[in-house]
Every structure is written in C-alpha cells, then in structure tokens.
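Quick heads-up: structures coming right below.
Across the two complexes that follow, subunit A remains constant while its partner is subunit B and subsequently subunit C.
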Partner chain A sequence: MTTLRRVAGKLGALLLTLFLASLLVFFSRFLVPGDPVSFLLRGRKPSPEAVAQVTAQYGLDLPPWQQYLNWLTGVLQGDFGRSLQYRQDVSEVIGDRLPVTLLLVVMAGTMIAIVGLTAGIVASLNRGKVLDRSVLIGLTVLGAIPSFVGSIVLIAVFAVQLGWFPSFGSGEGFLDTIYHLVLPSIALAIVFVVLVGKVTRSSMVEQLGREHVEVATSRGLKRGTVIRRHVFRNSIGPILTVSGVLVAGLLVASSIVEAAFGLAGIGTLLVQSVDRLDFPVVQAIVLLIVTAFVVVNAIIDVLEPWIDPRAAAGAGAR
Partner chain B sequence: MTTPTMAMKVLRAPRVRRSSTTFLVSAVFLGVVTLAAIFAPLVAPYPPNQVDLLNVQAGPSPAHWLGTDALGRDTLSRMIFGGRTALLAPLLVVVFSTTVGILLGLLAGWRGGWIDSVLGRIFDVIFAFPALLLAIMAVALFGKGLVAPIVAMSIAYAPFVARLTRSLIASERSRPYVAAYRVQGFGGAFIALRRVLPNVMPIVGAQSTLNFGYVLAELAALSFLGLGVQAPTADWGAMVNEAQAGLIGGYFLPALVPAIGIVLVVVAVNVIGEELSDRIGGEIPA
Partner chain C sequence: MTLLDISELTLDLPNGKRLLDGISLTVAEGETVGLVGESGSGKSLTARSVLGLLPSRATMGGSVQLLDQSVLDASRSELLSLRRTRASMIFQDPRAGINPMRTVGDHLTETMRLCEGRSAADAKAVAISLMEAVRLPRPEEHLKQYPHELSGGMLQRVMIAGALTSSPRLLICDEPTTALDVTTQAEIIGVLAEQRESRGMGMLFITHDLNLAAAICDRVYVMSAGRVEEQGDARQVFRNPQAAYTKRLVAATPTIVVARDTASAADAGTDAAGTSTSTATASAAIDGAAPASTEPMLSATGISKTYRRGKEPVRAVIDATIEIPRGGALGVVGESGSGKSTLARMIVGLEQADAGDIRIAGRERTSVPSSRVERLEHARSVQMVFQDPYLSLDPRITAGKAIEDALRLHRRLSTTDARSRVIELLEQVGLGDVHAQARPRTLSGGQRQRVAIARALAIEPDVLVMDEATSALDVSVQAQVLGVVEEIRRERGLTVLFISHDLAVVRRLCDETVVMKTGEIVERGRTIELLGNPQHAYTRLLIDSVPRPDWDLEAVAAEASELEDPVAQN
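Moving on to the complex of A and B:
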C-alpha cells in the first residue's frame, strides 16, 4: 500500500469518527425528555424574548436534521453559538480561557515525558533488580493518585505549609503564569507518569532481549550507543501510541486540577457551565476535546512509519 | 527467537512471588472497607451528618479518631458511610460495562464480518470520549447526582471490555477444541456461550477489576467537582470537595483522610487486578 493511499484511508477514518462524534454531541440534547426551549433555558426566567431568541438562534422550529446542519456549518466556521451565562459568543469565552489550559497541558506533558521516560529506561536497564522493582512500585502508587488528591496534597504541603507556591489563580504575565502553574501541572502529571513509564519499560525490555542488540554488543559497540541507537529508538512506537491516549486524558483531567487551583481555563469553564446550565458551552468544549484527541491520534498513526519504518512494512515485521 | 520469551519468563517469576503478600494485604484491606461500608450504621461511632458546632476542625482524639470537619461532623463516621456510594457506584459501572461488553465482544468476535466492523466503528467513536468527559456531559444533560454518570461511565467502559473479549474470542475460535465440538454437531451458540466464553472470562475479569479502580477514582473526581454526590451526603470525593475551603486555613485532615482513603483503595484494587492477570498469564492488551 502506498503512503498516499494509507494517509487518505486514515483521513477518511478520521473524518468519519469526527462526524459520528458530532452527531453524538449534537443529538444528545434530544435524549432529554421535554421541549428543547425549556431545556436550554433551565434555571432562567423564560421571558417571551428569551424564548423567541433561543428558538430563532437554534432554529428549534426546524426539523432536527436541519438544526444539526445549521449547527455543524457554524461549528466548521468556528461559530459555536452564544453562551447563556456570559451573553458572549461561545468561541470568545473559550478562546479567552484556552491559553491557560494549553500551557498547563504542555507543562504536565513535559514532566510526564521526562519522568516517565527516565523511570522506564532506568527500570528496563536494571530489570529484575531492586531498582527495577522499586521504580515499578513507585509508578503503581503514583498511578493510584487521582489529580484532585494530588492537587490538595500539593496545596497543603507546598502552598499552605511551606508557602513556596501560590495555591490559587493563574497569575499575570508569562513567567508569573508559569510559576502559578507549577503545582497544578505536577498534580496533573502524577497519575499519567505510570502509563509512559510502564510502556517505556516493557518496550525497552522487549528490545533488549532481541538478537540485533546482542549482535551490536558483540560487535564491540559501546553500551551507551547500543542502548541509544538500537534499543531506545526501536522502543519509541508503543510510547508514541500511549502519548496519543494521554492527550484526551490530560485535557479532561485538567478540569479537575483547574477547579482545585482556581485557574481560569476551559476545564473550570466546563464545570462552571455544567453548574450554570450553559449547554452550548458544554457542547463546544466536549467537541473540542474529542476533536483534539482524534486528530492527535490520527497524526501519530500517520507519523509512525516514518519514525519506525517496520510499521509501514506491515505487522509481521515487529 | 526463544531468547526474548525466556527473558520475559525469568522476569515474571519474581513479580508473582513478590506480590503474594501485598495481594493478601490488599484483599483483606478491601474486605474490611467493604464490610465497614455495608454495616456502616453498626460500625460508625456517630451518625454521618451529626453536626457539633462546638467541636469543629478538631484533631484526632479518643472521641474522634480522625478528627472532625468544618461542621464538627466525625470524619471517621463519614468515611465509613461514604464508602457506600464510593464503592457501590463503581461496582454498578463495572457490572454493567462488563455484561454489555462481553455480549458485544462475543457477538463481534464470534460472528465477525459486518457485525464486527460496525461494532468496531461504534467503539472507535466511544473511545474518542474519555469516560469522565462523557460523565460530565451526562450531568449537563440530566442533572447532578450519580445516576446519569453511572450510565455514562458504563457506556464509556463497555467498549474496552468488548474489544478485549472480541480479540480473545477471535483467537479462541480457531483452536482445535472448537472444531471438535463443531464436528460432534454442537450448535454455535452452545459452543460460544458454554465452552469458549468460560475460557476467556478470567482475563476479562482481571481487566474489569482494574477498571473498578479507574471508575472509583473518576467518580470521586466527579463528586470532587461538585457534579456527583451532593452535600450533605457523605461520599469520599464530596468530602474532599467540602474540605477544600479549610485547606488554606491549615485544616488538612478533613480533606486528606478521604483523599488518602481513595488512594489506598485504588492501590489495593490495582494490586489485586494486576496479580490476577499475572496468575492467568494472559497479557492484557492495552
């Protein structure tokens, strides 16, 4: 199969998944019993103007498929409708809060990569030894610490007790924001380190037992070179696959961390919008997270053969 | 090519021996926590919502082993009662998702063909929705509480069970014993349900055990966000949420006790789930 056909196939699958996901996000509203106007205006005074405005805005008098098409056309142009709590465009409300979340996710992702890869590599090079077992136990324990538990423990120890870091808010300016995001990103990273760590370890262990590694060693290559060029490079595939799964997990878990640290990101916005019955915002954030997840995984899927040519040659080569 | 498998075997041996004690400890711990939750009214020293405004944010004492919260409620009693929702809700999710997942996985793996492709496509779409996100969306639609999230989480986890069951069934289907039943004239449904399914159940069970830990943590997070169990009902996640305000004032105990409780239970569940899958010897596909 040529590269072009493969990429086209992946792209088709990507678009189909996104299309089906958009159906689920849009038509979920129709699962709620009762009429849509009162659903969208829950908890608010259904003044005649408000009813008329919501009806016109969502085309609630149109057949459902027409409503979906209108909504989808808007979404494709970046128009997610209007927020009921802020009386602002949803895209604006989300746009204001996106940078904090993205920075948080990037910082946490960097920590996960550094700690996870180091732990996995160290464990695999000492497999069966005490160090390996300690790393594995450590990873298992970290993996059992949910983000909100990590958050409150970090707040208690480093913000309240020691006073090293702020416990609330996302700060002003770039450096101050990073300073404010140190504890939140640690809290976010903790539970995911285990994924990267364990996959790195098992992938490395598998490669270490391979014949080509023995050959490289017996040819007199330095151990460092063998591990870098022959073991680690061949272990990247599974690590990348896991990283793709991480994206959605980090974006969702960031809402927990943001809530704990009072950060103005899209996670806090999501929870707040659920609380204040602002369904258009909820719909938009859910769709964004799902899209991010699907797209990142498709990219990893497409890139894999370049990083690991054996994947292109077919499953048999592994 | 025997070297790698040999290496894996050597590597596995000490792991099983190591976890035997931890497995026992975990099982006993989970048993005690479960029994305490079931018999909460008999075990707990105080009613979970008994307010004592003269004795708020108290440290550990003989009267209150784990102290009291901002309303003077006994933290230990609330932990014991809180175990009810904290353990029952994930149990329901695991039962629902495992039942549905096994049936769909059996259908896809045994029949193959277009049923398999259609189900695979549906699973792909559900995989794109992280469980917690689906639960949050369910709350946005149907209101706060645990009913909608339990249904949403069951839907989110069923495809994991289904995909595992499907791959196990598909590889089992080509084994000689299945053909042996076929030539003896046994029906497909009988072979699939009574002869093949029991062989894959242990691995699926181990995966479901691990799922229980994930679901428990996610539902606790939902209550922590204020979207799940509502005050004043005692629930571990909700307790952390309520105690959050006291953190800044230096009152750590009411938040740390439920938080650590959740971590201990999740560790115990993971230890049991991992050892179960180790004993069966089947690698759980990621």
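Moving on to the complex of A and C:
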C-alpha cells in the first residue's frame, strides 16, 4: 500500500520533471542565434516567397506556444519531426545511431562497475597501506585524463602500435561491433572509474568503522562474510546514487569518444546537429538524454527502501 | 573453574603509546566480575582482547587464556571457533551494534546458519526460544522487523539473545545499559542476571557506573589509565577503597540514597538541605544563597507542545507549569520521550509552544524570536548548555574566541576589555589564560563543557538551562562541572533549570525537582523530600530502578570527600 503510493508519487514527479525538461529543451531554440530557415535554404539566394513557403512548411510561422504544442503532440506519438540536414524523420536518424551509443554506454558502464567497485573495495580493505595509496593515486591520475587524450593514447598504443583493436568505425554485426567498441568504451570509462572507485572506498571505509561490523566479527563470522553481508551490503546506497548521476555524464561524454573513434553514434550526431542548427535532432537527443537520466534516477529512488529499510519508514524515523 | 585468566596484559601502539599496562584479572564459572573505570581507562580494550578484537597494529604482551585456549597467539581459525563457542560480547549501543539494513531475524540466525550450518527452520526455532528467554513480547513478529522498528530496550534484548545463540561459557558485557533509560536498565540487568544464573556462565561486566557495578558484581577491578588500580570483593572495594583513585571515584559518584536524618528532617518539614546533613553530596544543595523574592525568575504556565509528524500527533509536553525563584535551581527528571528536552527548548526559544505562557524575569518569552533584535533579547534572558560539548563548540574556533564572540554579539567592547572579560569568565569556570588559545580538539570533555558554560554565562543571562549537560561526561569530570555550577550559583545567584535523566545528579544540584512522564509533570517537590518519600508510582519506579548496592555508600563518600575535594581536582 505505502509502496504503491511511493511509486505513484515518484511517477508523478518523474512526469513533471520530463514536462519541465521538454519546455526547456524546446524553447532554448529561441535563445540560440541562427535561423533554421536560412539553414534550409543555404547556398541559395532565397526569394521572400521561398522563405515564406519553407517557413510555413515547417510550421515556423506559428506562435512559439503553438509550435511547442505541435512538437509535443508529435513527440508523444513518437514523431520528433524531420531532420533539416538529412531530410529524414528524426526518429529514423536517431534510430540508426542509437544502438552503437547504447552498446558503448553499456560496455563502459560494465567496465566502470567492475573496475571501480574492485578498486574501491580493495583500497578500503587495505586502508592506509601502500596498496590503498597506490589505488587512490592511480584512480586520481586516470580521472585527470580527458577522454579525448585517453582515446588518442589508446589508439596509438593498441590500434596503431600493437594492432590488437581497430581504431575506426563501429563494425558489422554484433560481435564485430563489440570488438570495435572495446577501445572506445575503455576511453569512455576511464574518467568515471575514479568517481565510482572513490565513492565505493569511502562508503566502505565508513561502514568498516561501524559498531555492527565489530559485533558481527565478535560473533565468529568469517571476515569475507562480514565484508559481504555487513560492509558491502550497507555501502550500496551511496554507490548507487552516484551511479545514477553518472548516466547523463556517460551519454554526454560519449560524443567526444565517438568523434575520436569515428563512430556514428548519438554523440557525434548531437555535435553535428548543433553545428548545423538541426534543431529537431538536437531537441530529440537532449530530450532523450534527460529522459534516460531522470528515469534511471527515479528507478534508483524507487529501489531505495529495499536498499535501506529505514527509508521506507519515512524521514521521521531516520 | 577459571574461565578467563588474563595476566600481565600489555598493549602498545606503534607510536609508543601504552594503552594497557600489565592487566591481570580472572573470571570463574558462574561469577560476575566488574571492570570499572572512566573513559580511556582501557576497560573496553581489555574486554575486546578476550575475543581477539584488537587494533590492527598494536603490539601485545602478557597472556589471555580463555579456557584452554591462549587468545593472543591463536590462529585465525582458532579465533573464529573461540568466538563461536566460548565467549560472546554484548555491546553498549544496540542501535549501532545491529546492522540497520538487515532484519532482527537475520541478526539472530546469521551465525547459526553460516557458522554452525543449521537449517533456516532450525535456526529460527532456536531464535524464537531465545527471544522468549529474554522476554521479547512477540518473537515471531520481531523476526521480520528491522532494528529501527524496535525500542532501544527491545533491541538490547535482541543483542543479548544474539550473543546467547552460541551458548557461550563467558558473557562479556560492555556498558550494556549505558544507552538506556534507568527503568529499562533495571529490566535488562534482570534478564542478564537470570541468563547468567540459568546457564552458569561467567560474566565480565564493564561499566563506568559504580553503583551498578556494586549492585550486581561479585568482584570488581577498578581501572585507570591502562592499569588495574584496585581489585577485590565488590563490597570491600567500594566500602573501604584503598587506592587514591578509587576513593576519588567513589566520592565523585552522586547517589540518590537519602541519609536517614535528612529524610526524616525533610518529612518533618524543616529546611534540611545544606544545614543538617553531613554528607558531601547533600551539602551541595544550596539555599540561603537565594534572596527571597516574590516574583519568580522563570515561570512557565500551562505550556503544551504537540508534534504533528507522521500518522499520529505526538503530545510532547502537556500543560506543564514550572516556576523557579530568583537564584533557585529546578531539576526536571524523566526518561527519554518524557518531553523534558522539548520543555527546555521552548523555554530557550528554539520551539514554539502551542499554548501557555513563559515569563523570564517578568518579561514575556513565549514566542520564538523572529527578528535579530528579538533573538538577542531572548538570548540575554536565557542561555542553554547542551549535552555534548564535542558538538556544541565550533572545532575551528578557539575557546577564548567562542566566548568573545558571544560577548561582542551583545555588547560593544574594546578588544582589550573583551579579552580580559574572557579570561575572567574562564577563571570563573576553573580554567585560565592558556585555555583561551586552545581549540576544542585539544581540550578534555570536562574542559569543553566548562568552556560551553563560560560562553553561556558571558552575557549574564537571567536563567541558565542545562540539558543533560553532564550526561556525556565521566563521573569525576561530572563532579568538577557540577562543582563549577554550584560555585557560580553561590557567588552570583544564578537561576538554573537542570534537565537530566539522572536522579542522583539532580539531587546534588537542585533544590526542587519535577518528574515528567510522557509529556506530563507527575510529581513535584523539594528534591530531598521527593526522593525520600515519593508519592507518584512512576517516581517510585524511577527511584527503585536506580541501581544501588545493599550497603551505605554515603559514609564512604563522606569519608573520601574529607580526604580530597573532587572539585579541586581539575
């Protein structure tokens, strides 16, 4: 009952956030210099009639709120309008490129989880020792490398020097795509590993100092059991919260990596579309990223009571 | 048969600091042994060494023998089996000691399932029978509950049941009742004694509370600064302490025992306090210092406060009326949840009373001040000293600066005038010049609380509210702080509202006392009268719950205080 009400509440908040985001996404176009019509007619000397015709064709003569309503109605039916540069439906343009980006993000996410959690756990269990310090320094160094530098180094070493991995393109077929995406996903993961690693470490260290951990130890449980059932279990909350915030960062940072590796993904498309004032595509992608971010975080919010039972009791019992 | 034999145990940290210095103690089967001392004495460390729970880089010396197993050179697996079968430990704070993210059932059955390899159903059956043994009301239901759904007393029962799952021969209790109310403490002590009896376990009981140790232990060891100062039969040690440290400790421990002559004098209606008593504790109650005055310094009439959070509104304070004459000291006693802190917060202006009227020195102080001017005025009439000086002082500001800031907030003073006033205030609480430069981190708990008091007194408030202001302190430090407050009352006629759960402390400081229970004042009167002849059933329960040895502690206290005045021991 209360769980149902909580979920319903979260859903309401989610929809409201998405609505506000859609407003921001749509109307930001009017703040940006540049006019879609002149892009459409680029290279030609437009007659006033031609301008008026294109303007009417794309519905740009309507008042902004009318344009927003039209756009929103379309979006709700899966129609994001037509791309100005590709003269194709936006959903088609994005649909072609989405799988690569999604796969890239999923692969990078998996690496971040595995490497970040391992690094954090190892460091926390060796707190203050040489291993802890080397892990921390290693993480910090990695975190300081911008994605584009990381990409170039990876290409230079593993693609050019060693020739283990391809340096360009996204390949054909599923397995080949994965093979092509190994280096890009490493390049994408590097910066975020440091975040997950450090949060895991500090969250674990905090729990390690708790009295209930000492109680568990005093009862004769093996160290591994204590770490797993009491330390790591209780550290999940903060790690998950940070991971939720990472989602948006990953999607945005993927544009840099995609550019470096010549991948035809959402990221490169976004940069290109901003460059060419292809507003329908920009709006669709930004809305997509916002939606992904909000939905992932809403899911984490809904999971909260399972992670920390005290959260279910409400703020008063904390 | 000897269960535990610790001999010449030493513990050194890598930085050369010696935390335990030659501890020797034994616990026999069926025996309750007390380990008494103040914070930093090493009593918890000694107890933890029995289970091999030691700081990772410490160097150990001597030996710890638990039955036939030497603990200090036990292998990892020997250590595990020792913890699983021979000894269990009950920790101080069950709220911190039980994983908040797992169910009570998980806590109870965990070791049986994972260490003993019992089936879930089997482990559950054992858990239920143990929960019945420690008298938890609804075992089946508790299994599925999370720690935050149980009260502190119930959780401590869960902790005890958890420690008993392994049928230990030795039960180590590390301040198991310190975090609990006095009535709950009495129940928990009862459960522990019952289990020790029926299982024939040995018990090592760590506490800072002399009265508690005296009430339940056969033998006691008194520890200070990593050494055993004194040991022997509990009665002998407290009645006739030999070591100077034990004498000081006994003298510093407040008691609620009312000496017979005092009680009868109070019954007769004469003014007994401070004149006819010979005991050190009672003579502290001050009268005569208060000039007769018709108008009370603090009067709160019919104040109520209801919190509307969650499902049901909580009536924190219900129609409470208190009055303190100029220069008087009123104690408010009650258990957690009795509304005593809410009462204090309303008087200080941190909470808005729903109804009623609060007057300080005749001025209306009911509403929470909203503007800066109002806040300053309210602050001038009443100041509060909080429970934990570690939290109530800013760690980045020196003691002197903290006091100076309070001074300058209310008065325009030149730097030199302010500084000299700061020194005066510090001297008043028994500190000095050197402490003005110190940051809270470098001060001891007692020194910090004295800085907090000096800060509260800086602007010469009409009323000083102390909310559990000595609860976090060791007894000897508590005695110092109480001494400081008594002295200031004597010299300046300060009016004090003293909130505490500890009857003995209230008895030492306050002329009059009110007893609160679930938001209501159930009894009020002169402190000595109230303690000697309680009228309300709840007051009687509170008094009966206070652990006390079956012999007269007063005589020892009086004797010891003649030797050394604890207040002078800064």
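Observations, loosely collected:
The rule we apply is simple: the second predicted complex is superposed on the first by the 286 of 318 C-alpha atoms of A that agree within 3 Å, B and C clash if a C-alpha of one lies under 4 Å from a C-alpha of the other, contacts with A are read in each partner's own complex, and residues count from 1 in each chain.
Note that a contact is a pair of C-beta atoms (placed from the backbone, for glycine too) under 8 Å apart; a residue touches a chain by one contact, two chains touch by 3 or more.
What you are looking at is a predicted structure, and each value in this text was computed from that prediction instead of being measured.
More residues of subunit A are touched by B (comparison of subunit B with subunit C). Shared-chain residue A:E211: touches subunit B and subunit C both.
When the two complexes are overlaid on their common chain A, residue A:S255 makes contact with subunit B while staying clear of subunit C. Of the two partner chains, neither subunit B nor subunit C is touched by A:V37.
In the superposition on chain A, no contact is made by A:I178 with either subunit B or subunit C.
In the superposition on chain A, A:L288 makes contact with neither subunit B nor subunit C. Contacts of A:R219 after superposition: subunit C is touched, whereas subunit B is not reached.
Of the two partner chains, neither subunit B nor subunit C is touched by A:L72.
When the two complexes are superposed on chain A, the residues of subunit A that touch both subunit B and subunit C are 210-211, 214. Residue ranges of subunit A in contact with subunit B, taken from their complex: 13, 16-17, 20-21, 24-25, 28-29, 31-32, 127-128, 133, 140-141, 143-149, 152-153, 155-156, 160-161, 167-168, 199, 205-206, 208-211, 214, 238, 241-242, 248-249, 251-253, 255-256, 259-260, 270-271, 273-275, 277, 279, 282, 286, 289-290, 293-294.
Of all residues in subunit C, only 51, 53, 80-85, 88-89, 91, 93, 96-102, 110-111, 114-115, 146, 148-149, 159, 162-163, 166, 309-310 touch subunit A in the complex they form.
For subunit A in complex with subunit C, the residues that touch the partner chain are 210-212, 214-222, 225, 229-230, 233-234, 307-310, 313-314, 316-317. On the side of subunit B, the complex with subunit A involves touching residues 1, 3-4, 7-8, 10-11, 14, 18, 121-122, 124-125, 128-130, 132-133, 136-137, 139-142, 213, 217-218, 220-221, 224-227, 237, 240, 244, 247-248, 250, 252, 255-256, 259-260, 262-263, 266-267, 270-271, 274, 286.
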